[in-house]
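Shared between the two complexes below is subunit A, which has subunit B as its partner in the first and subunit C in the second.
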Partner chain A sequence: MERVIGIDLGTTNSCVAILEGDTPVVIPNRGGYKTTPSVVAVTEAGKRLVGHIAKRQAITNAENTVYAAKRLIGRKWNSPQVKNAIMTSSYTIVEGPHADVRIKLRDKTFSVPEVSSMVLQEMKIVAEDYLGEPVKKAVVTVPAYFNDNQRQATKDAGAIAGLDVIRIINEPTAASLAYGYGKDMDRTVAVYDLGGGTFDVSILEIGAHGVFKVISTTGDTFLGGEDFDARIIDWLVTGFQDDHGIDLRQDRMALQRLRDAAEKAKCELSGVRETEINLPFIISTGRNEALHLQRTLARPTLEKLTEDLVERTVDICKQALADAKLDVSEVEDVILVGGMTRMPAVQTAVTGYFGREPNKSVHPDEVVAMGAAIQGAALVQDRRDMILLDVTPHALGIMTFGSNFEELIPQNTTVPTSRTKVFTTSRDDQTAVKILVMQGESKRADENELLGEFILTGLRRAPKGHVEIEVTFEINTDGIVSVHAKDMENGQAQSIQVTATSGLTQDEIKNMMTNAQDYLVERRVDEHFEAAKQEAETLIAEIERLFPEIERVVGSADFGRDAIAKARTTVERTRSAIDSKDTGLVKEQVDQLSRTQRMFKGVVSRG
Partner chain B sequence: MSTNDRPSMNVHRSSTPPDDAPLESWDDETETVPGLDLDDPMNEFDRVTVIPDLPPDLYVQRVMESVNDSRIPIPIPGDTIAAITERLLDPEQYFTLDSRPPALPPSQGARDLDLELYFDDLGSPGAFTDAASSSLAEMKDRYAMGDFSGALVIAEGILDAHPDDLEAPRYVRSCREVLTQMYSARLGSPDQVVSIAVPADQIRWLTLDHRAGFLLSLVDDRITLDQLLDISGMTRLDALRIVFQLMEQRVIALG
Partner chain C sequence: MTPLQKRVPRLVDGIDLRALPIGPAEAFVLSRVDGLTTELEIAEAAGLEESAVSSTLTALTRLGAVHFDPPRLGESMRAPRPAPTVSLPLRLGPIIESSGEAEPHHPAAALYELQELDEAVDLSVERKRVILEAFHHLDSLSHYQLLKVDPRADKKAIKNAYYEVVNVFHPDRYFGKNLGSFKPKLERVFARLTEAYDAITRAGPRAEYDAYLASLDKTRELDPSHAAAAVQARVQAIQRQIEDEARAAEQASLAPGPRRNSPAPGSLVPGPISGWEPRVPSLDPEARKRALARKLGGRHVSGAAPARSSIAPTVPPPPISVDARERAGDGLKRRYEQRITRAREQRAERYLLDARVSLSNKDPLSAVNGLRIATSLVPDNAEISARLQEAQTEATVLLADHYLAQAQYEEREGRLADAARSYGRATLGSPHARTFERAAYCTMMAQGDLRIAGDYARKAVALVGQASLSRDPSCDEAQARVTLARIYVAAGMKQSGLAEFERAATLAPKDDTIRDWIRRLKRGEA
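Right, the complex of A and B next:
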């Protein structure tokens, strides 16, 4: 049976899981961590770094480190989110050929799906290392508010990474799925997700037969663990300034250490009441003198520093319930998602607001990936009972007179589905009508997203309101939307298929896939080369160590000189093979070298 | 020397039991690095050129190769390599020139070694009058003598003062290349895991600058040498130099 992995592609961290038998298991990466930072960087030497290693140089190499690419994925160049990111990001964001977004890293430009694909590729490798076999299929999660373009772009990122993304599911749905796994339930739950960079609250209805309905989703894409870290950094910087009159922010290395230490301290304080922050040699004052930073941070101090942030999440919870038109007492369970929910103050606030202890049966940073893995397995095993019914993430409709939005398919409608509505002309003698297909929840058309447009011509000349046009929206199982308009009198018809676009053409995606493949091959070749090179170098060192002795032993015998000359040639050949980076050649030389080394050793032991 | 001058090393050494085997092998090692006497207060570590464990002729050949690579026109009469080797590797000469450069005019250093004979395009260093050309000459002398760190410092100084100098960039590049190779050779395989060899509570008593402190903070008993260099936020050469220094001081261990 083909294995499907579940990937939680987070703003700050990603996580991969698989179903082992009946149990979802999170797969740790090579470093033993269950989550991998969604950070990609290119070093000065042009080497690509992904994950923890990239995060640890994020500040010292800020211009060439991409974090939070998820905030940009599937967005148009001129969207407010992109404008905002350009102002706040340390890396360079440029416009792509299709009004899409590209990121510049050293001398290359990457599309956002490409950057995300590097993270997905890493997760794929983590899974393959664990399973010992190639992985092809995946279920990837996205925030519930992602529109079709963002979903498509995430799918494209998977394709570039060599993954067939068989389904995209909502993060809160995945969390609820893991939470409801193996239980038959019918209840309303709140999913409180406080991650590294974003906060979301979703209200879901879990029904029988795998119906998970997201009733409302509210959030703040700029509220998360990093804001908590920033408060600790502020506190440390201010304290240091008071003590020594030095602003640590001026130094990137100091700032990198502060950030790493702040996050570490924050996480520790979820378990203990007090922790020591110890950063020796944080900054140099002059020649050969450096200052140390040493402070104790207590949990109550952290809580005071971040009180307002926690308060903000509670306000957003209120909003989510208002949107869902529910009273807080109607929520039957609260599921905590995101690493930040391990903070005791957060749990206290959640308990306080919802009036009940949150459910703690699942691991907050792993639950989303687990849900994705459960869904993946159910899809290939064709277990109907476990398969989520896809719902439309946003309402679909058309623009009508006065820039209004007329909804045809409401948000959260289970697909496949089809709806029809009749419209009329808005002007006298109108012979053509433009149908603008839109997605969103606003009553005003310009606040929603335009998916596509087409024109229906050849209408009968008549006073306004006299010609009737029937518009039909249809969504099939693959989520493809088609819109059909028909003049009810003369049967004239026109239709359009709306396909979400990530901002990349099929050709571009193919190209990027090849590049990603090439990178993997290169990386493997590199590993092989390094191994061969090392073996060769060890042998060379050994042989060179033996040269003087050999010379002494063989003296001036002709055969001895011959052997030494040959050995030297072998060593030189190996060096040039290493210089030319030819793995095959180096391997050949390794054989020669080990023969030489054996011979030398033999001579020395006898001599 | 007085203990107070370099507390780092003494703190560390005294904390190591005398019968500790690695310490001995370490002491052995330092002997293969001419001029690297950690207890010598006159020793400017950064200026010391590290010579890799290679047979002398190979070493010189490599140096020459890198010289050729950088296309600095230095004629090498075929039969003089052995002679140059001998002089270059004479620790006495080497150390004298390297550790106390100001005490000895560079031109004289060069003459001591008769290097003009081999590198005659350097011209007679004595002929330079203005500061710029004399530092140019010193740079070349040092380079020729194998003091690449020294040559690099001067070359960079020249570049700072005269950004459009034509020769200095070549020397900068070449010195950096050679030094990178040398440090890499000394440190060994890039896949070695780096670990901290000093108890956590003693680290603050070492004498380090913030850059060494930064590198140290990245060491987590899992990171490899290569990764450490990748994320150092410094040029590879600077990072190699500091890592090497930390290893020599036995603050970190590779393996």
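Right, the complex of A and C next:
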């Protein structure tokens, strides 16, 4: 049976899991870590790095290392979030051809889905190495509060990575699946998901027959661990400015070091009361004098710095319960997800608001990927013992006269669903009407996200308000929105499938897929070469270690001298094969080398 | 009135009825006890006061002849219907009585085309059937019926029921399978189930919906198509009873003896009477009807008048003949049929009397039910028909508020055809311009009969025009005239429409929409 992997594509870390029998298993990467940093870099030599290795070289290659691409995915160039990211990122963000966002790494620009696809491809490889077979299908998670463009961009990233993303599911929902799967429970739970970049709260009912029904979901796509880090960075930068009159933000490398240090300090303060931040030679004064940064951060200071952020999460919890029309006392369990929930102040706030200790049975970093794996298996397996009823996180509607937003499908509607409303023309003798499909909660259309548009033509000529147009919105199980508009009098109709846009055209995606494939081939070739090279070098080292011995035993004999000369030639040839990166040649030499090595060993042992 | 009893009395096994110290009244009630009929039904079918039936049965219980316990396994039952221990008064409305039955809705003449089952998709025929069945019933079932829960079910029970049906109808159950046209169907069913679930698991919407259902339930008794089955069942029960009595009387007259020949009711288990139809009385039906009408129509007839003596026998006693056995047989049959006809007329009369009492008591709903039974028993009776009409009208008037509330709910939900019907009914008891205007508007928008819509609209205009009479400020004349004008235009009567718009324009000179209509009509564009 075809296996489906579950991928939690996080802002800072990603994780992959698979269902083995009835148990979701998180797959460790080659380094043995269960999560992989969502970091992508391009080295000076043009080599692509993903994960831990990319993170490790970030300091020395800050301008070509992409962090938190998830914050940019599916966003438009002119959005305030992108403007903000341009200010704070160590890498260069440029405008793409469709008012989308591109990232410049060395001499190439990459779309955001492309960057995310590199992380997904890495996760795919991790799973393939573990399973020993190719993986084609995946369920990928996104923050519940992602809009359709962001979801589509994530799906495109999957496609570029060579994955068939059979379903996009919400992170808090996925967490609840891992929490309640196979436990036959009946309760109302809240999922508090404070991740690296986003915050989500979902209220769910878990009930008989393995039904998981989301009642409400809300969140903030720009509230997460990074904001906590930013507060620490701010504190450090301000202090440094006071002491030395130098703004560390102007130096990208210093900024990168500050970022790492802040994250590290924040994590440490979940365990200890205070921690020392020590960044020697953080910057040069220009008078050939290096300055060091050294400060002690105590937990109460951190809590003071981030108090309002924690407060905001509690407000969002209140909103989620209000949307669910539930009282806080009706919540029977609270699940904490995301690394940030390790922070004691966060746990205290959650306990205080919900009036109960949060559940500690799930691993905050792994639970989302596990849930994705469960959903993946539930969709393709014959034994279907779980069903997920999720909701639309945002209202869907159209723009009406005066740039107002008229909602058709309200927020938190269980999908699949469909709604119909009748609209009229706004001008005399209007023969065409443009239907702008939008998503969001604002009454003002321009504050919402545009998902797509189409034009209904052939309306009969009539004074304004006289032509009635029936508009039907439909969201199917796969989250695809279809919109149908009909002139009620003459039956003239038009409909579209709203394909939310990631900012990429189909052709672009196809190209990127090919590039990703090429990269994969290149990478495989590299791996084979590396393996052969390693083997050859081990053998060479062994042989060279034996040379003096051999010399001593058989160096006086002709055949001995011949053998030694031959061996030396083989070693030379191997070295040049390695230098020319010729995997085939290296492999041939390896055979030769191992024969030599065996012979040498035999001689030494006899002698 | 005594509270409606829904207990089902049963005979105690092995009881010797003849040994009981009872009189004919008790024996009569006892003869109706069949282990299936409820107290209420016995009272209605026998034309007795409920309280009388109830106290008689209580007395019989004390004598050890009758009990009210639920049937034990293996006891013979005429129908597989489980006797509910707590059940509702007779409902003709949408609430399922047969909660214990597997299929509340039978496809009967299936709503879907059989070839829909033939579509080549990855679903078993059984599954396809279940999906089609659900899909085609979406609009006719209440939220409760859809989720297969009792209307009084608590949130938890509703939740569980929802989870169960979701497992059948959520498209994810069939992920990756070729579903063809079944996929949108599943999605539609699921969406409707969820809509029902959301409506009845939230306190506010549930109260609103329950009020709507209750209102529907109340008014539905007036709806002939919904009442038909119940009326027919009642009439069948009466017919059965009449036939039993006629048979018994026949036997009694043939073999007169000390032994009273009453059928043992517990053991007499005739199959459901099939193919029974109202029969035309065999002897001079016209004369009989005239006589009956004379008797029934007279206001002087007291409610307590003994039925048997009120109808003079129109057939002379058969001449005694020694030879023809065949003729004797014929006579027997004739006499039997006469008895039945007479008995039917007597019952009808009884119902008619009751109905008149109900009508004078301002309880037209009860009258409607009784009269429906009466018309079934004695069709073509002018008096009964007239009274039925009267009772129906009065009931509709009485229920106008319900119809109005329903109409508003339906209009809000976008069910314009239903709203048009409800507004139409509401006009009988709420004859205000606003009601007529809405009835007209909804009828037009639902693409209903434009003549009816026109009538409503004209009525609205007339009512709103009589300023002194109008206590209904929410509908202004211009609005009523615009609706009427639109109806004219929709019906192709452009000149009338134009005239009406022009009248509206004088009332509301600033209304752009009206001006646009007029301009357009003058240019011949509409």
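Observations on the model:
Everything that follows uses one rule, which is that the second predicted complex is superposed on the first by the 365 of 607 C-alpha atoms of A that agree within 3 Å, B and C clash if a C-alpha of one lies under 4 Å from a C-alpha of the other, contacts with A are read in each partner's own complex, and residues count from 1 in each chain.
As a working rule, a contact is a pair of C-beta atoms (placed from the backbone, for glycine too) under 8 Å apart; a residue touches a chain by one contact, two chains touch by 3 or more.
What you are looking at is a predicted structure, and each value in this text was computed from that prediction instead of being measured.
Look at A:K47: by the touch rule set out above, it reaches subunit B but stays clear of subunit C.
In the superposition on chain A, contact of A:A254 is made with subunit B only, not with subunit C. With both structures placed on the common chain, the touch criterion links A:T417 to subunit C but leaves subunit B unconnected.
Of the two partner chains placed around the shared chain by superposition, neither subunit B nor subunit C is touched by A:T92. Of the two partner chains placed by superposition, only subunit B is touched by A:N61; subunit C is not. Overlaid on A, the two complexes show subunit B and subunit C touching no common residue of subunit A.
Remark: subunit C residues 159-160, 163-164, 166-167, 170-173, 175-176, 183-184, 187-188, 190-191, 194, 198, 202, 414, 512-513, 516-517, 519-520, 525-526 touch subunit A in the complex. For subunit B in complex with subunit A, the residues that touch the partner chain are 53-55, 58, 189-191, 200, 203-204, 207-214, 216-218, 222-223, 227, 230-233, 235-236. Those residues of subunit A lying in contact with subunit C across their complex are 166, 205, 207-211, 213, 325, 378-380, 384, 387-389, 414, 416-418, 420, 428, 461-466, 474, 476-477.
Residues 31, 43-45, 47, 49, 53, 56-57, 60-61, 251-254, 256-257, 260, 278-284, 288, 290, 292, 530, 534, 537, 541, 544, 547-548 of subunit A are the ones that touch subunit B when the two sit in their complex.
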